[in-house]
Structures are given as C-alpha cells and as structure tokens.
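Right after this note come the structures.
Shared between the two complexes below is chain A, which has chain B as its partner in the first and chain C in the second.
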Partner chain A sequence: MSERLVEQSPAGREGVDSAAVQRRTDGASPRRRGVASWGDPRGRRLGGWAFVLHRVTGLGILIYLFLHLAVLSLLARGPSAWDDFVSIALSPFFLFFDVVLIFGLLAHGLNGIRVTLVGFGLVVDRQKAMFVALMVLGAIILIVAALRIFEVG
Partner chain B sequence: MTDVMDPGFDTHSTEAPGRPFRFRVFRYKQGDRAPHFEEFSLHVAEDTTVLDALTAIRNRLDPTLVLRHSCFHASCGTCGLRVNDREAMACVTKVVDLKSPVIKVEPIANQALVADLVTDMVDFYARFNAIGRAFVQAVAGPPDAATPEGVGHYSRFENCIECGLCLSACPIVASDPRYLGPAALAAAWRAVEEPRGLDPNAILQLTDDEQGSWRCHAAFECSEACPANVDPAGAIMLLRQRQVGEQLRSMLGGRRR
Partner chain C sequence: MQEQPAGGPNRTRWTPSGEEQKHTWGWVLQAVTGMLVLLLVTLHMIANHFVVQRGLRDFAAVVAYLSNPLVVVLEVLFLVVVTWHGLLGLRAVLFDFGFSRRVESWITRVLWVVGVAIVFYGLWLTWVIASYH
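And then the complex of A and B:
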C-alpha cells in the first residue's frame, strides 16, 4: 500500500494499524502474482484482455518508434541508402509487418478512446460493449488497410 | 460406511453418491519451503458447493487442511478463494457449475499467506482505515428509508463484504504493492457520496494520488470478481471524474467544494 497514503491517513498518523500491519505481514510475504501474471490468460475477462492488449501494443509502438527513427536516419546517409531500404520495405514479408503495425496502432488508439472516456467516469457501465464495438471498427479498418497495402506490393 | 479414500459425499441432494471430481488443493504451512498442490478425489452431489467439498475433505480426508468460512451465504466474505483461476466465494460456487473434472483451489492472490487456503487479511482491512474511513461501520438504514439531504439514491458500494477478491483479481495490485487497491477506493467513493461525518474533500485529495485512483488501469477484473456487486472499478472512475472536476475548478481559480 502507498506509504504516502498510509502516512497521510488518520489511521496511519495515529499509528493504529500500519505498524501492526508491518509486523504481521513481514513474516510471510504476499503471494503477489507479479507483472508476469499480466500474460497469464487463465481466468481473464474482457476488460482484463483489453488491459493486456493495451500494454502489449503500447510497448510494440514504443519499440516501433525507435526502429522508425533508426530507419529515418538512413536519409542522412544519402539517397542510395534510402532507396535500398525502400526496396526491402516493399517485400511481402516487410509489408506483413506494416499490417502488424497498423493492428497495434488501431488497437491501442481505439482502446485509448475507451480508456479515456472511462477514466473520466463516462460510459463506465458500457465499457465492455464499447471495447467490442471499437475492436470491430478496428478490424474493419485493418482489413481494408491490409488489402490496400498488398495491392501496392 | 463410506470408504475413506472415496467418500460418498452427499449434501441435501437426493442424487448421491454423485459425480467424481478431483480437487487440486493448495497446501502450505508456516515453515514450508514452498507451497504445493495436493489432490483429493471426492464424489459430490448437484448442489455441493466448493466450500461443502472443502469441509468434507477436511472432515473426512485430511483434518490438517486449513480453511476459513462463516456464513455459508456470501455475506460474510470469509471464504473468498481462487477456484480454477478465478476469484469466487466458495460457499456459493457449485462444483458442477465449474464444468471441469478437476477443481483447482487456491487462496486469494496478492495477500500474505497464513496456511493452506487462509490469507492474512490485516493489510486488506488497513486499506479501509488508510482512507480515513473506519473499517467497522454503523448499521445502514433499511432500503426504503429516505435518503439524506444531498444524496440522490443509495448505491451498492456499502455492500462490500470485505472478502478481498478484488485485490486478488486486480493486475495492478499483483504488480505494485503500493497501490491502494479497488476495495478501499470503492469505500472512498462511498464516503464521498455519503460522508457520515467524514470530510469528503480530504478523502478526494488523499485518493487523488499516483497510488490512489490514478493507479487503476481499467482492467475491470475487480468488478468482475466482486461477489457483492460493489463495482469498485466504476467507483474508481467516478472518483476520478470528481477529482478532475475539483482540479479544474481550482485551476480556474474557484475554491474546492
């Protein structure tokens, strides 16, 4: 529990409970499930899946950002370096990763709308329906995008 | 008489000897190097609950099994467990409804372990006190009672039975010991809605914290796990709404209410 919250709370200030808690739980450490449990699919419900999807796609987009910057730095090495990269980028294998990227952006961005609304206390009781609706919308956009990407390829 | 290794366990159902199930029960005693699972096979009737089965295991197969229960009707919050990887009140979870021949029973997660299926609830109870709301509450009025001035309707946050299932289900509590957690935040919102002598502003400011309402990442597992329809996730979001409103108000030069 947050130390700040304990310190500031009336109970914490008076030392009624926090000291006792400390004493009682020091011996046996909590069976905390840890960050690894985020990847555990067992017992997970829709909101939990949305939570996991948001974290995975968020990390993916962060990694992509750095890859993107690395690729852009090729421009500094002149036109031939860039053109060489573009020819690789148009291979079907590479285009597949474009589709993966778009999946990540759509999932994260659209769920981000849901998380933002819910975070402001809006449509909280419709969060599941909102997730399903946004993901259906995302799937449609993803299919259209994938078709267009491979048309170009 | 009943074979000890394969007891014909029957409840009030007429369908004895019932169906065979394998119970994989979490075992741990103070001083053990690590917990392990022990399997018990038990015949259960259609109406047998997980708690019935566990008490049968304790009474007939292994008296050293430590478990905790009281009311048998999901109002005391004592027998909250993880059953087949989901949080459940053992007393109102029928074995046959789990639709699995193997029933895995564990104590709730993210809490200190006492023994077998029993966790130390002191940390959980202290979370309520941390928001300045006494854990032990006066009896609430009857449902048809008139609401006090300024309260539109009675909401169900009072229904928290302090079972700890929400803390067990929350992925953030699982990864961060400093997070105040769903139950106490739901209680905080309840106190803001109906202060009963507490200062709602103090509670709003106290929980307007990195480890308070803002630590929640909207997985909604707490509200799914809650056996008393408290909807802690919904309460956390309403807390945030009020906190954002108060922040905007003070930014625009207005006074906090």
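And then the complex of A and C:
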C-alpha cells in the first residue's frame, strides 16, 4: 500500500517498510519483514531467490521432521502398526513426496554450504557461480535419487 | 524502525553487499550445526537405505537396526543436532517479524522447551524399540 511512498521518501528508509528499500539497494537476501515478502519478485536478484529457497525448504523440512517423528511413534505400538504404515509409504503417492523431500534436502543442504562459506568470508566474490554449481550438482543427485526411489520402490 | 538484530549488539556485516545477516552467536551456531546436519543426514540416509539392504522394510528390521550401538549413537546425535538447527532456523524466521525483545526471549524459551521435549521423546522411543523382544 505505502510502497510507492516509501521508495520516494527518505523517511521511509527507517520507517514503514525498510525491506522495500533494501530490496532495491541490494538483491542478495536482505532481511525482510517476515514471510509476507518472500514471494515479492520486485528487485529480487538471484541471491534474493536463494534466500527465499533456503527459508521455504528449511520450513518444509522442519514440518517433515515433526511428521517423521510423529510417524515413528507407531513403532511403540508394535509390529503390525509399523508394518501397515510401511505398506502405505511404498505407494507411488508417498514415493513422490520422498522425491520432494530429497529436493528440499539438497537445495537447503547445498545452498547451506554456500551460505556458511560466505558467512565466514570465504569465496564471497564467487557466490553466484558457487550457487549455480551447487544447484546443478543438486539437480543431478535429485534425478539419480528419483530414479532409484521409483526403481527400488 | 530498524529491525532488531537476532543476537545482540555486537554485529558485523558478513558480506560487502550490505546484507543484514549478522555474525551473531546464533548465526555461527546455525552454520556449525548446519554442517554437522549435512554430515549426519548423509550418514542417516546411507545407514537407513544402503547399509540396510532395501531399507528398513518391517518392524523386525528396525529392531535389528537399533541393536547396533553405533546406530543408536548416530541417530541420537542426529536428532539432537537437527532439532537444534531446525528450531534455531525457525527462531531466525520468527525474529525477522520484528517482535519486541520480550516476545523474542519468550520465543527462545518456548523453542528450548520444544527442543528438549523432542530429544526426550526420541530417547524414549529408542529405548522402547531397543528393549522390544
């Protein structure tokens, strides 16, 4: 609503939405005001998308971890409860979500290497190339994993 | 108003592009636990899906898997580190909303309780399965 105002007014820099200003001044993962602005493409460069990818996959993996631990409680109910779950987990529908999970793990884990290196001041000037290389590596591993998941079943 | 930094006033920029991510204790801990998670999740996947041929397909396979003390150490260590990393990450996301210091310290406290509960749940579950006959 006040975005245009913010961008024109110097007062907006400290005020209503500092994220809008930051987005124009530096594209690489500025701190934003919460989840709402992650989908905002304006002025976002590759680094900004890497930031969004990292957060979305991170939250997705966290939700998966809670589900994973909840499902494991079936083990406390004995063999039949667990074996019934395993047969459901082998359906193609579930296996598709395994591939989604692998995508999230690879995107988050590999980008995390870049974030860590850059965070400690290493290869800062090559971050973009590093991001692209890591994502290509991730894509290759994802394809191999997806083929294996559906092959082994 | 400028958003509150995640981990206190001693912050330095970590890239020349003017990013607002800071070298706080939280950030360093996130990076360290992150690299450990990367190692442990790899071992977790290899142990679950490759060392165990065709994976843990039934209850008996899970009991046999957890009868190996090395596996128990790996899985418990993984649980502790991944819980820490995940909740610290959630904390960073929540802190970006720009809550007050008081709310932020409550978030930290609640996440600590959640994290400790998760680890105890994992230990309990491991014990239940390992003692199954």
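As a convention for this text, the second predicted complex is superposed on the first by the 117 of 153 C-alpha atoms of A that agree within 3 Å, B and C clash if a C-alpha of one lies under 4 Å from a C-alpha of the other, contacts with A are read in each partner's own complex, and residues count from 1 in each chain.
Methods note: a residue touches a chain if its C-beta (ideal position, glycine included) is under 8 Å from a C-beta of that chain, and two chains touch if they have at least 3 such contacts.
Just so it is clear, the model here is predicted, and its values are computed rather than measured.
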- Message: Applying the document's definition of touch, where does A:Val86 land relative to chain B and chain C: first, second, both, or neither?
- Response: second
- Task: Check the residue A:Gly109 against both partner chains and state whether it touches chain B (first), chain C (second), both, or neither.
- Result: second
- Query: Can A:Leu75 be said to touch chain B (first), chain C (second), both, or neither?
  - Reply: second
- Query: With the two structures laid over each other on chain A, which partner does A:Gly58 touch: chain B (first), chain C (second), both, or neither?
  - Reply: second
- Considering only touches as defined above, state whether A:Arg42 meets chain B (first), chain C (second), both or neither. first
- Query: So, A:Gly121: does it touch chain B (first), chain C (second), both, or neither?
  - Reply: both
- Examine A:Ala50 and indicate which partner it touches, taking first as chain B and second as chain C; both and neither are also allowed. first
- Item | Intersection of chain A interface sets (partners chain B, chain C) | 18, 25, 28-35, 47, 115, 118-121, 124, 127
- Note on the structure: The chain C residues in contact with chain A across the complex are 1-3, 14-21, 23, 27, 31, 34-35, 37-38, 41, 54-55, 57-60, 62, 82-83, 86-87, 89-90, 93, 96-98, 118, 121-122, 125, 128-129
- Query: Once bound in the complex, which stretches of chain A touch chain B?
  - Reply: 1-6, 8-12, 16-18, 20-21, 24-25, 27-35, 37-38, 40, 42-48, 50-51, 54, 115, 118-122, 124-125, 127-128
- Interfacial residue positions of chain A with respect to chain C in the complex: 14-15, 18, 22, 25-26, 28-35, 47, 55, 58-59, 61-62, 65, 69, 72-73, 75-76, 78-79, 82-83, 86, 105, 109, 112-113, 115-116, 118-121, 124, 127, 152
- Listed in rising order, chain B residues that touch chain A in their complex are 30, 82, 84-87, 107, 109-114, 119-120, 122-123, 125-127, 129-132, 169, 171, 173-175, 177-181, 206-207, 209-212, 217-221, 223-224, 233-234, 237-238, 240-242, 244
